[in-house]
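Each remark here refers to the structure printed beneath this line.
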Amino acid sequence: MFADLSPKSRVLVGRLKVFFDTHIYPNEERHHHEMAEMRREGNPWRPVPVVEELKVIAKSQGLWNMFLPHPYEGQGGISNLDYAPLCEIMGRVSWSGEVFNCSAPDTGNMETIERYGTSEQKKTWLEPLLDGKIRSAFLMTEPAVASSDATNIQCSIRREGDEYVINGRKWYSSGAGSSSCKIFIVMGKTDVTAARHSQQSMVLVPRDTPGVTVIRPLSVLGYDDAPHGHMEVLLENVRVPVSNVLLGEGRGFEIAQGRLGPGRIHHCMRSIGAAERALEMMCDRLQSRVAFGKPLSEQSVWHERIAESRCMIDQARLLTFNAAWKMDTVGNKDAKAEIAMIKVVAPNVSCKVVDWAIQAFGAAGVSQDFWLAEAYAHQRTVRLVDGPDEVHRNAIAKLELAKRAKLSMAKPA
Amino acid sequence: MFADLSPKSRVLVGRLKVFFDTHIYPNEERHHHEMAEMRREGNPWRPVPVVEELKVIAKSQGLWNMFLPHPYEGQGGISNLDYAPLCEIMGRVSWSGEVFNCSAPDTGNMETIERYGTSEQKKTWLEPLLDGKIRSAFLMTEPAVASSDATNIQCSIRREGDEYVINGRKWYSSGAGSSSCKIFIVMGKTDVTAARHSQQSMVLVPRDTPGVTVIRPLSVLGYDDAPHGHMEVLLENVRVPVSNVLLGEGRGFEIAQGRLGPGRIHHCMRSIGAAERALEMMCDRLQSRVAFGKPLSEQSVWHERIAESRCMIDQARLLTFNAAWKMDTVGNKDAKAEIAMIKVVAPNVSCKVVDWAIQAFGAAGVSQDFWLAEAYAHQRTVRLVDGPDEVHRNAIAKLELAKRAKLSMAKPA
Amino acid sequence: MFADLSPKSRVLVGRLKVFFDTHIYPNEERHHHEMAEMRREGNPWRPVPVVEELKVIAKSQGLWNMFLPHPYEGQGGISNLDYAPLCEIMGRVSWSGEVFNCSAPDTGNMETIERYGTSEQKKTWLEPLLDGKIRSAFLMTEPAVASSDATNIQCSIRREGDEYVINGRKWYSSGAGSSSCKIFIVMGKTDVTAARHSQQSMVLVPRDTPGVTVIRPLSVLGYDDAPHGHMEVLLENVRVPVSNVLLGEGRGFEIAQGRLGPGRIHHCMRSIGAAERALEMMCDRLQSRVAFGKPLSEQSVWHERIAESRCMIDQARLLTFNAAWKMDTVGNKDAKAEIAMIKVVAPNVSCKVVDWAIQAFGAAGVSQDFWLAEAYAHQRTVRLVDGPDEVHRNAIAKLELAKRAKLSMAKPA
Amino acid sequence: MFADLSPKSRVLVGRLKVFFDTHIYPNEERHHHEMAEMRREGNPWRPVPVVEELKVIAKSQGLWNMFLPHPYEGQGGISNLDYAPLCEIMGRVSWSGEVFNCSAPDTGNMETIERYGTSEQKKTWLEPLLDGKIRSAFLMTEPAVASSDATNIQCSIRREGDEYVINGRKWYSSGAGSSSCKIFIVMGKTDVTAARHSQQSMVLVPRDTPGVTVIRPLSVLGYDDAPHGHMEVLLENVRVPVSNVLLGEGRGFEIAQGRLGPGRIHHCMRSIGAAERALEMMCDRLQSRVAFGKPLSEQSVWHERIAESRCMIDQARLLTFNAAWKMDTVGNKDAKAEIAMIKVVAPNVSCKVVDWAIQAFGAAGVSQDFWLAEAYAHQRTVRLVDGPDEVHRNAIAKLELAKRAKLSMAKPA
């Protein structure tokens, strides 16, 4: 029935909420301290103890790998629509996704290998990933070019006999900071003379391959997002066997198209969760603080903003559910307009709601004492991840204009 | 399934689209001319011939009274969710609703009598209304007070023996302009000493009752919206039998609450239809006009606006469907937050999209030659009809704050 | 001194305010009635008695032709900066400009003839115009093309011996409705083979020339703006002597550039006056109406909107003063960025403030009983007049980008 | 003349620009490295070598203490209007203000002591401050209350004989992190039984007084803003002589009102400088990057945003100049509406422009490699500093409403 969760999803949502109340929220401070401690020790790029502990519990409760739409050896098999409300909850605490083995970019990487990998590749990389034993990174964006246009990619993947020789500089390679990160999916060009969308390939590059240098972490608005991080990676004459290619030479663009749908919708679901939490915090703060003789909640513009927040969040959620349902029913490719729409809408909503919540908190809102500052930085970044808003808006507009152009050609003169 | 039309609705949508293609769009110019002709003759407050003709056809095709959620003697029985996409289509041509006996304020009035009227009242007024023989008006808003707060209403309904004596001045009484309008539902106060929400009553007042004077039409942004219009009505010692009260003395506020849900959602559905049409016109114009060497559609900000329009419309539609579904499943009262949200969202979306479409059309956009100018005026007005945005935003915010306050009280100290 | 009126302007502002208090505001209702009366009589396209009466008084007080920056035979000679606050006041009452012979499009037309006309042309047309004896129209926009790109203009002005033969269809020819309108400035193409910006010419066409047909009034959002109006005009083999050309054949584009600056800034000044009046009305209404137990002014979002209105208006005024000062000091051409900026900013500000004022008034805000509805329609139209916002924003952006491009080329590698 | 710099200001602007070209921009990277180095060494709360070097040069060139409107022993004496464009330039590089001894919060503190201090206080604290030998902090905001309402302040300043005993917890005490910071101005309550605005006093508290503990730095969106920082400070039985009070007991609110004007306008000027730099970077990036076959600057929405940025920046600058001129001519108190307006407008403009610039840069925009990420965090914070937007908007609205209420009372009935 409309907008109603399926029985399966309802059960999982209930269990996940209990898990959050029992294990996640009560451990937010511990996570904060463990990260601070690792920083003081000079190396925050390691697994966080509390996360490792909770992974065991989550796994034992079956709250594990829920992101995976096609089942793999008994895991996953939850549709995008059923996963949406689960992923939303994970958006409330930035580090919680990993507890359930549902964190970016691993989810996207696992799904990619599951869909496009050989059995050998799955055995070697997908299984330890699904098991939460190792982490992964996706190396696409390059500092030297506007990477939102994938045809701009410069990284060279040259075949020499049975090997590919890879040279390039990547950055914002999320996840590559972690000491557990063992495998990179690298996008580059195998044939610059091929047709525009057949030049790219994706290859699996183990992180410890000679020639791979993780140079430095990039920060996002002052945060380094350790332990996973966003790294600059230099690839110099990196050699991997040709069997490491995914799907086939020249099919990198095709994989990118298929991969980006799920990755984007997960970001959006989490953004909605973040917006929801920010709205709750805003309401609570406004009702607990007094100025000029009455609670802030009764003053000035706050009713307007609370109402606008509720309207925006509910709309973004429905739009995301709708996109998930489309992906489930007609496939990621035919849901491209819907995916592009949520990618524009969801992070803009969360940015706005978090911004208002910060105003409600005053200086406290930008401090390290509340989740809002970190959420503000992160949600702002989501507007760039997987392509800036502008690229998605252009895509939506072109589809819309094409629809009308087709109609007007179909009309008799 | 999510966001999918029911089989029943799908069939009706298909038939309604055919009707529009066959009978409505091809007659837009005729309607324009007939109205112009009646104006030239000095009296546009009469039934429009083309509408009367089409009513017969629509009725014969069973496209009639689809707005009515509870069936009455074999008519209606279509849920709000199933009616939503039908009503959206009617929003594309402002006069089309009447063709299907689905135009405001008659729909709201009919539903009110159906829900709260006696069999006698139904026999006398509901049946000719459902038959499309007469029209009706709803007299609530008063020029002297901020009528968005229903307790401000000044109109006096004093009981004298078996009669009510009514005195008051109403305005923006939509529908009261038409010569077919035979019955008014009047809201006033029967007991100013009662509890705040038990002072109001609603009574049925035949238009030809002595003491009723329809003073003048009010315009909305330059339009008089003939033939139905928005009238100023003076009630001076108007006497009706006490049996004309709806539901019971002192229960006017209760009816208003129940009545406003459907009225509001119909407005919203039509606003979405208007936005959709404006977007289509915008795309078509931009692709057909050239400036500075290329089609407008390839220039500057238009991709952005088309994409934003599509995102806003799809979100507003999903939010409206969701409200309709709530009304169908938990009732109008428990869907009040959802109804308030769409009442804020939908007309603001349509105003924005029509505004952009006008920019795409240039001067033509504000002229009488295109539907946009009229839509711009009308959609702007919808932001005031049934309460201005501000009142609804406050209501949403209060519900949200109350939800949080309840939670925080429930927590142990 | 910064933002301070010059002594000259201060004196004129003082006198103009007195005139408004004495003669304009007290006559708003009379004007309304006289227009209504003329409409009832079937011809609103005539001079309005109250305006004609007040013109005599204004002229006798020297409040006449203040718009004219270069003095002509003892008239005008007030700089743009000094005129700005005067014009702003006129923006408060839409028909007031004509009282001071300062109404569009006559001001732009007079300035054009004053700057580019021959003494003969000035004698014949400028003098009666400056005297307020006749009115004028400017025929540029065409229904068939995107006229914001002046090179799209299709109207043909073909030379045959000592005459021009003009053929074309114009619309939104403002002012052409009035029975006093005696002269048109027509823009068309004298040579379609010339360089892009040398194809156009402007010629003076007396309205009673054979072949001129004023076809119909166009409305703007439901208003016909009688008595001046916005007309569709057909030109069929209209013949005028070649001496009627302004400045010279092929120089129409040049005149358009010179003409548009003053016309645009006058619109902007008036928009600011309209916004200021709307803000006053909003404050007054909010302080006089009570809902839910307290004045509207103390509720919800109104403080926010009043503050935003004040900020926007003050900024728009300073920007307009700045543009006026630039026009006075470096000339209209070098002030093109400043003029483009106010053309975007001012009407958007007035649209927004009027929109909020309407929300404060509720239904009354869109009715004929208050000035707001008319202002809403008119200010919306200003966003299209002399080119839609989009065209001006593009112009500003190109200037900005060129400035940076020049700098970066100047830098050593 | 309107909007024109005075000859004095023009000369200073010229010299300051040369200084920036010669000494500031070329040292941005050095500053970055020196800060990074100090962090690596574990203590970034020390003077930065490059700043100390440049201070000597700036002082020798007379580019020193330009912020001080009233001259003190031969220093300062530059009006707010003349200082405005200088301060704007300093807004382009966040650490540059200190080079000219013009950085917050020292400027506000120095002006406060200059205006309200005794000669003794000036000798002891103002002179080393003006000399750039020491730094200062202003302790007002408290974590426990909504500090935008100054009457909420809880810090207790109790008199005991010839001493004040101070107890309280302050936070976001900007500048208190630096090892050079030697003096605090502390706001607290000397008499909670006095009239609402006479309870507060300000006292000078040397940082090394027993009982003062600088607990920790607060971050703003991930930045600690070392070396000055924003600190949490605990005051436990801190004793200072009563002669340390500024202006007199119970006059703290009065000082706050006088102090905030200049502090706010300096923030606004710097925000405008930041916006201007962001716009330049946006234009340059868009012209240098290519995607989908053409420079980003020719695509989609960028013309719109560049134009909007230019319009917003120019308006904010004019509004700020106007406020400065008002402060110079009618005094800070009567310029309160103007100051409140710029405090709302300027940082919102800079936030918006920086936000767009980040979109133009893609991921690079949020990284540590470009100034934009830091500017984004800082400009966001300016919307909270010296009171959140909401408080200022309320103040503006109240002034506006009062103005109208007064007028309507003045009218005869």
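Here are some notes:
For clarity, chains are labelled A, B, C and D in written order, and residue numbers in each chain start from 1.
As a convention for this text, a contact is a pair of C-beta atoms (placed from the backbone, for glycine too) under 8 Å apart; a residue touches a chain by one contact, two chains touch by 3 or more.
Just so we're clear, the structure is a prediction, and the values are computed from it rather than from any experiment.
Taking the definition of touch as given, a chain qualifies here only if it contacts subunit C and subunit D alike; those chains are A, B. The chain with its C-alpha centre at the largest distance from the centre of subunit A is C. With centres set at the average Cα position, the gap from subunit A to subunit C is 52 Å. Centre-to-centre separation of subunit A and subunit D, using mean CA positions: 37 Å. With centres set at the average Cα position, the gap from subunit A to subunit B is 42 Å. Residue positions of subunit D with contacts to 2 or more other chains are 300-301, 303-304, 390, 393-394.
Only residues 1-3, 81, 279-280, 283-284, 286-287, 297, 302-304, 306-308, 310-311, 314-316, 318-319, 321-322, 325, 329, 337, 340-341, 344-345, 390, 392-398, 400-401, 403-405, 408 of subunit B touch subunit A when the two sit together in their complex. On the subunit D side of its complex with subunit B, the touching residues are 300-301, 303-304.
For subunit D in complex with subunit A, the touching residues are 141, 143, 145-149, 152, 171-172, 218-223, 230, 289-292, 296, 299-301, 358-359, 362-369, 373-374, 376-377, 380-381, 383-384, 388-390, 393-394.
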